[in-house]
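Shared between the two complexes below is subunit A, which pairs with subunit B and subunit C, respectively.
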Partner chain A sequence: MINLLTHEAFKLRHRLRAWLGPLLIMVLVLIAFPLSIDVSQYDLNKFYFSIIVVSLLVISFLATESIFSEDYEDGSLEQIYLEEKDFYKVVLTKISIYIFFIGIPMSLIGSLFSFANGVAADETPKIFVILTFSTLILFNIFSFGSALSINKGAMLGVLVSLPLALPVIVLLGRAIRTVQYGEGFIEVLSLLAGVGLILAAVMPIIISATLKTHLE
Partner chain B sequence: MITSFIHRFSSPKSFVEVTARFFSYVMYLGLFLLATGWIWGLAFAPEDAIQGNSYRIIFLHVPASIFAQLIYFFMAVCALMHLVWRVKLAAYLIKSSAPVGALITFIALFSGSIWGIPTWGTWWQWDARITSTLILFIMYLGIITLHSSFSNAEKADRLMSILVVVGVVNIPIIKKSVDWWSTLHQPASITISEAPSIDLSMLYPLLISISGMGLTLIALGILISKLYIITREKTKKWVQNYV
Partner chain C sequence: MQLITASNLGYSINENRLFHNLTFSLETGCGLHIKGGNGSGKSTLIRILLGLTSPSKGEVVFFKPNLNISYLGHKNAIKQYLTPLQNLELIFAPSELDDAMTWMQTFGLTKVQDEMTATLSFGQQKKLALIRVLGKSSDLIVLDEPFVGLDDLSRDLVSQFLCSRLADGTSLVLTSHIDPGIPCVELILSEQSND
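The block that comes next holds the complex of A and B.
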């Protein structure tokens, strides 16, 4: 497992576009939003969360778009399949590495920007934790979309996986409201963490089955 | 034993032969019940004390909403059968049910939107039940698009089944959304565990409309499935004899 983690981390590190691209796009979107409105007329911190949530959704999809496609195209996935290695472990490792190198930095960027836009310093860690669990869920869902639509383009991936991600957005919005109004944070966070951990355990099985179908 | 039973009675040939025997009964009975329920509901059921005549759209909206979810549930059962026992017919049924599901979900959304004007004062509200039903509609479209994206039909069947099974998580969210979130949409008036909160003079035509729509949709599903099976199995001898 450690070897797999090191191997996948090494592969991702060399795909600069795959990990740096989504992070830079997230920063640019979060910078662009306040520029597009007249901040003197609006209380920015009230609805700045919405743009963080939506950008997290879109960037999570962008980040996972090529999670399996490059390995599929260069034949690595087929090799793993032919060698009868445990696909579950490979998928789990891949998603974990993506969350670690892209998801967590995205959550950090989101929480820092929310702090810069008026969230109190003691609430910023709460935002970070919420965003981290959300990326855990979103990365798993979008990896599934990416596995389904492998070599068929991003549009199909969005169409099949976005409907599954929308209930998560409702939950995320609710979690952020608990931070804003200071009530029920732990309950909603537990729910978010529970959903995240179940998905993290189950989704790699489903993704493995999907990838095997492509390779059969 | 279960596997041999399933494979024996779930061949596309048996499906076409068996359904041909009762198709016309189901279709005519469904249309008759639907017409009876609608005429009773629209012309003879009493006016609602609060909503007036606008409530009469329930005779279309409620059956459509029920079957929007039930069709997906049926597809999920078929998807499991296809994934576990590799039943070809199950995949054909999913493929044929998806457009019916999309149509009925659209009718549920559209009729709900029309009902929204006199009751809520708006065509659309980003309400939990309505939004989750819209997500269901997009899921139906996603399933149809996914299947049509692959030239290898067997691979498309399998991928579609996986997506349907994963997407079934949306059904309890739709069902319980009015209980879990504070929402404009009213909770269900008819439940299995409790006495209905709707007056009997409105309940009877509603139940007849639901039964009628159910049978009509089954007939429509059989018709589409049959056409699809014939297209997919056109090289088989039994299809050439049948056609």
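The block that comes next holds the complex of A and C.
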């Protein structure tokens, strides 16, 4: 497992566009939004979250779009399938590395920008935790979409995974309101964490079965 | 000692029957050269033997559990954004890296080991991909058109290596339009197999 983690981290680290690209797009969106409106007319710390949530959704999709296709296209996935008895572990490792390299920095960027736009300093860690669990859920869902559409173009992946991601966005919005109003944060966070951990355990099994079908 | 037995293998894509009723076996230290025209099902047969594709009919039985297989198919399975050296570090365990580096030297790839793989020629990339098979010890080597893109010298080196591995008891399955110069049993997938 450690070997797999090291290999996946090594590969992603050398694919600058795959991990740095989504992070730069997120930064760009979060900087561009306040510039595009008259900030004096709006209470930015209230609705800036919406931009973070929407960018999290879009960037998560972008980041996971090539999570399996790159290995599939160059034949590495075939080799990994032959070498690794537990294909589930490979998928789990890949998603974990993507969350570590892209998801967590995205959450950090989101929470830092929310702080910069007027959210109190003591609430920023709460935002970070909420965004991290949301990223965990979104990355698993979109990785499934990516696996499903590995040789059929990204459209099928969007069509399948977006309906699954929308309830997560509703839940994320609710979690952020609990931070804003200071009530029920732990309850909603527990729900997000529970859904995230269940998906993190189940999705790799489903994804590995999907990839096996594509390899045939 | 028998390593693999295939019984009554058949494979069809929609209405197109690639082959049917193929029965053969492979013994330890023996080679099997699958021959046939384009689209006759050579690569599919190899994928069936590897368990990557399910046959429409028949079965493949492996007599040795946890068989260690080295395989190179049509795709090179190397990373274009890494250097040849980084590719090898990704494929091989540190203890196996010395053998792989020897092959790099033999194939004359040492001078380009720190360049981006994407900048290498087709033949150089093929050689790099072949090191995956040549640098590892295994019970069975499976190669799909291994000589495509190789110059005469490299082709001879690979053939010699495969002969020596056969003598050491490793089994070999390969497809090739070029005569490999390796003592192998031939399995011909022809037009007749579609009848």
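One rule holds for everything that comes next: the second predicted complex is superposed on the first by the 213 of 216 C-alpha atoms of A that agree within 3 Å, B and C clash if a C-alpha of one lies under 4 Å from a C-alpha of the other, contacts with A are read in each partner's own complex, and residues count from 1 in each chain.
Following the convention adopted for this analysis, a contact is a pair of C-beta atoms (placed from the backbone, for glycine too) under 8 Å apart; a residue touches a chain by one contact, two chains touch by 3 or more.
The structure presented is a predicted model; accordingly, all values stated were derived computationally and were not measured.
By the touch criterion defined above, A:E216 reaches both subunit B and subunit C.
Of the two partner chains, subunit C is the only one touched by A:D74; subunit B is not.
Once the two complexes are overlaid on the shared chain, A:P163 sits against subunit B while remaining clear of subunit C. In the superposition on chain A, A:L82 makes contact with subunit C only, not with subunit B. Greater residue coverage of subunit A by touch, when subunit B is weighed against subunit C, goes to B.
Once the two complexes are laid over each other on the shared chain, residue contacts for A:K152 go to subunit B alone; subunit C is not touched. When the two structures are aligned on the shared chain, A:R13 is found in touch with neither subunit B nor subunit C. Residues 216 of subunit A lie at the contact with subunit B in one complex and at the contact with subunit C in the other. Of all the residues in subunit C, the ones that touch subunit A in their complex are 50-54, 69, 71, 73-82, 86, 89-90, 132. Against subunit C, the residues of subunit A that register as touching in their complex are 7, 10-11, 14-15, 73-76, 78-79, 81-82, 215-216.
The touching residues of subunit A, when paired with subunit B in their complex, are 144, 148-149, 152, 156, 159-160, 162-164, 166-167, 170, 206, 209-210, 213-214, 216. Interface residues of subunit B, counted against subunit A in their complex, comprise 83, 128, 131-132, 135-136, 138-139, 141-143, 145-146, 149-150, 155, 158-159, 162-163, 165-167, 169-170, 173, 181.
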